[in-house]
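What follows is a single structure, written as structure tokens, with notes after it.
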Amino acid sequence: MSITTDFGAAYTGIVAGVVARIAPAARVQVLSDEVTPYAVAEGASLLTQALPYLPIGIHVAVVDPGVGTARRPIAVRAARGDVLVGPDNGLLAPAAEALGGVVEARVLEAPGLRLPEPSSTFHGRDVFAPAAGHLANGVPLAEFGPRVEPLPLRLPAPEVGDGTLTATVLYPDSFGSLVLAAHPDDLRRAFGELPYGHVLDLDGIAVPWVDTYGRVPAGDPLVFTDSSGRLALAVNQGSAAQAFGLKAGARLTLRARGRA
Amino acid sequence: MSITTDFGAAYTGIVAGVVARIAPAARVQVLSDEVTPYAVAEGASLLTQALPYLPIGIHVAVVDPGVGTARRPIAVRAARGDVLVGPDNGLLAPAAEALGGVVEARVLEAPGLRLPEPSSTFHGRDVFAPAAGHLANGVPLAEFGPRVEPLPLRLPAPEVGDGTLTATVLYPDSFGSLVLAAHPDDLRRAFGELPYGHVLDLDGIAVPWVDTYGRVPAGDPLVFTDSSGRLALAVNQGSAAQAFGLKAGARLTLRARGRA
Amino acid sequence: MSITTDFGAAYTGIVAGVVARIAPAARVQVLSDEVTPYAVAEGASLLTQALPYLPIGIHVAVVDPGVGTARRPIAVRAARGDVLVGPDNGLLAPAAEALGGVVEARVLEAPGLRLPEPSSTFHGRDVFAPAAGHLANGVPLAEFGPRVEPLPLRLPAPEVGDGTLTATVLYPDSFGSLVLAAHPDDLRRAFGELPYGHVLDLDGIAVPWVDTYGRVPAGDPLVFTDSSGRLALAVNQGSAAQAFGLKAGARLTLRARGRA
């Protein structure tokens, strides 16, 4: 089982504790307790990148700005055999896709499969962890509640112009590299086949398209394919988030050098 | 077994390593390695909130500004069956209470149950982790040293005035919500029965009393019952610690709106 | 098995996931996911301090500014029986020494013992985690690739003058204590036998040589022997890194009080 949250260590540890009390034999791995608070797109992207590399199992994920409101708590079985547990706010949908697509999804509403008297603010502890524990113990998905169609995650699309590619920063990773809502294919659509070493332009700054950080001097920027498969803007041995002053949601435009 | 520290990952990892060498079969969960350095009240509050949700077991906790001085290292058996291991500085007492009360407490001084030649600065590694490992292996509590009465944690009491509630910030949680040394009962003592939606005043700012973050617009403040059962001041999808510029130890006063 | 990285939680979680898929029975402990990004000397120092306290096993360590360039991925068997897996950039050499010295080291190049089509930027996932998993499954070290001599880590030497000791800050630890590339022996070489309580001088500030933090008032600086066995500069219940404004790589000089 894996756990992914924007809770930091302590509240994530409580989630893991609730799982351990219900399902003592479950092997639990914290995938991340460091998702940026409330950053659903960042959490979704991490799950999509990470879960295919993890063992088939139950994956609890909680980035949940709407906790305690009308948003539904859900569990989603994916074709690979995993079950994803979390809020129905787009967090789980792309990862379920990456694991082969949704086979069955249920609302988590059976009172006996939650903690008694769930709080309004900590469904990780009171709703999602118990669901994960009971799933680990073999309770069938159908017992948790009625079928549901998980909500999709909506990501801002990249824009390809005449020798320009405009994309949105999805999140800075732990090195400060800015992961973009765009893929190498979008780069090719904008600029044609780009050999590594080709230099692009970002607001007047030269940004080479390379395969890894060490192709440019320490402190210099680069564009590369992040390990998630997305385009990303980095600074070798530095932080692109700091160097460019950009955050999640910022929109940036790469241009061919020498063109307006 | 759980481990809770203000050490960060690396030193906490060393603690877990010492446990694993002494008690290879123990299942160890890091509850938190992110307690604010030296923040005994924050650590005590986390343990009090969290341990009842964890499996019965041994819980090592180290927030220890007095390491290497006269403060005693102790182990405390609670009525639920847990044993808490850490410094005798108030860190363990409230959690022992939450687990049913102290049944037996001992000073950790048997030289054979520590690492040889303990350092003056890292009792987590040299004293507490070995004690936890030996306890996990079944060494009786009585073999560690003489009986002791654990020191209590002293928290600043809330003050109820005529339509005012003054309370101390215990700690900001990982979302920046300010957990107060006060409970919903104190709110009722100050303001009578408050329906959700009622608006209080904090230094001229309107702060609604609600059940969860999403009841106010993103960026707006709120007062609610934190998952620890305490009152807390939050900002929906933001950080109250940043918005109000308040830290642990700060004292704040909530007032009825329209009263001085 | 232990894992140590400068990746933060999420990418470290992916590394642990790859290990779990290849070697489901392996018991994996994250020693640290918080090494300062690109700080090879800090990572090497942590491994050197920590691994002797951990169970004999496989230790994956990745602080790897040269990922995807010509630097070699290696595995190193130490005399104690551990195998260290990581980049050949000096990160592993001091820890191998602390575990009894290098017995055998190999380049990780067998294609069947990596993930298919390794990326240029995430060898933790694509090269090092698979190697660790296969080693845990009993694949002999010799099958990974040709023998290699691991590169040493070069640390800046301390300088002993007439009543002065000049040393380089290796890293600030999680409390902000500045761990120096110098040992208590260097202090003795500079100042003779120093009794605890003796006061040294750092840029005009009095810094007592003591055995633990609590020997000076909260907020005051001190010099002590860090739990790694190195000299360190701390502030009791505070952060020396903040108080002195010093970072890894800074060079500082301790003097006898009253001498130039």
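Note that the chains take the letters A, B and C in the order they are written out, and that residue 1 is the start of every chain.
Simple rule for what comes next: a residue touches a chain if its C-beta (ideal position, glycine included) is under 8 Å from a C-beta of that chain, and two chains touch if they have at least 3 such contacts.
Please read all numbers here as calculations on a predicted model, not as lab measurements.
K.L.:
Tell me the angle, as a multiple of 5 degrees, of the rotation that maps chain A onto chain B over the C-alpha atoms.
P.N.:
To map chain A onto chain B, rotate by about 120 degrees.
K.L.:
If you list every residue number at the chain A and chain C contact, are more than half found on both copies (same) or fewer than half (different)?
P.N.:
Homomeric contact, different residues on each side for the most part.
K.L.:
Calculate how many whole Å lie between the centre of chain A and the centre of chain C, each centre taken as the average of the chain's C-alpha atoms.
P.N.:
30
K.L.:
Counting only residues that touch at least two other chains, what does the list for chain B look like?
P.N.:
Within chain B, no residue touches at least two other chains.
K.L.:
Applying the document's contact rule, which stretches of chain A touch chain B when the two form their complex?
P.N.:
Going through chain A, the ones touching chain B are 7-11, 13-14, 16-18, 20-21, 24, 28, 37-38, 65-69, 119-122, 125.
K.L.:
For chain C, which residues are in contact with chain B within the complex?
P.N.:
For this pair, the touching residues of chain C are 2, 4, 29-35, 46, 49-50, 53-55, 173-175, 211-215, 218, 224-227, 236-237, 239.
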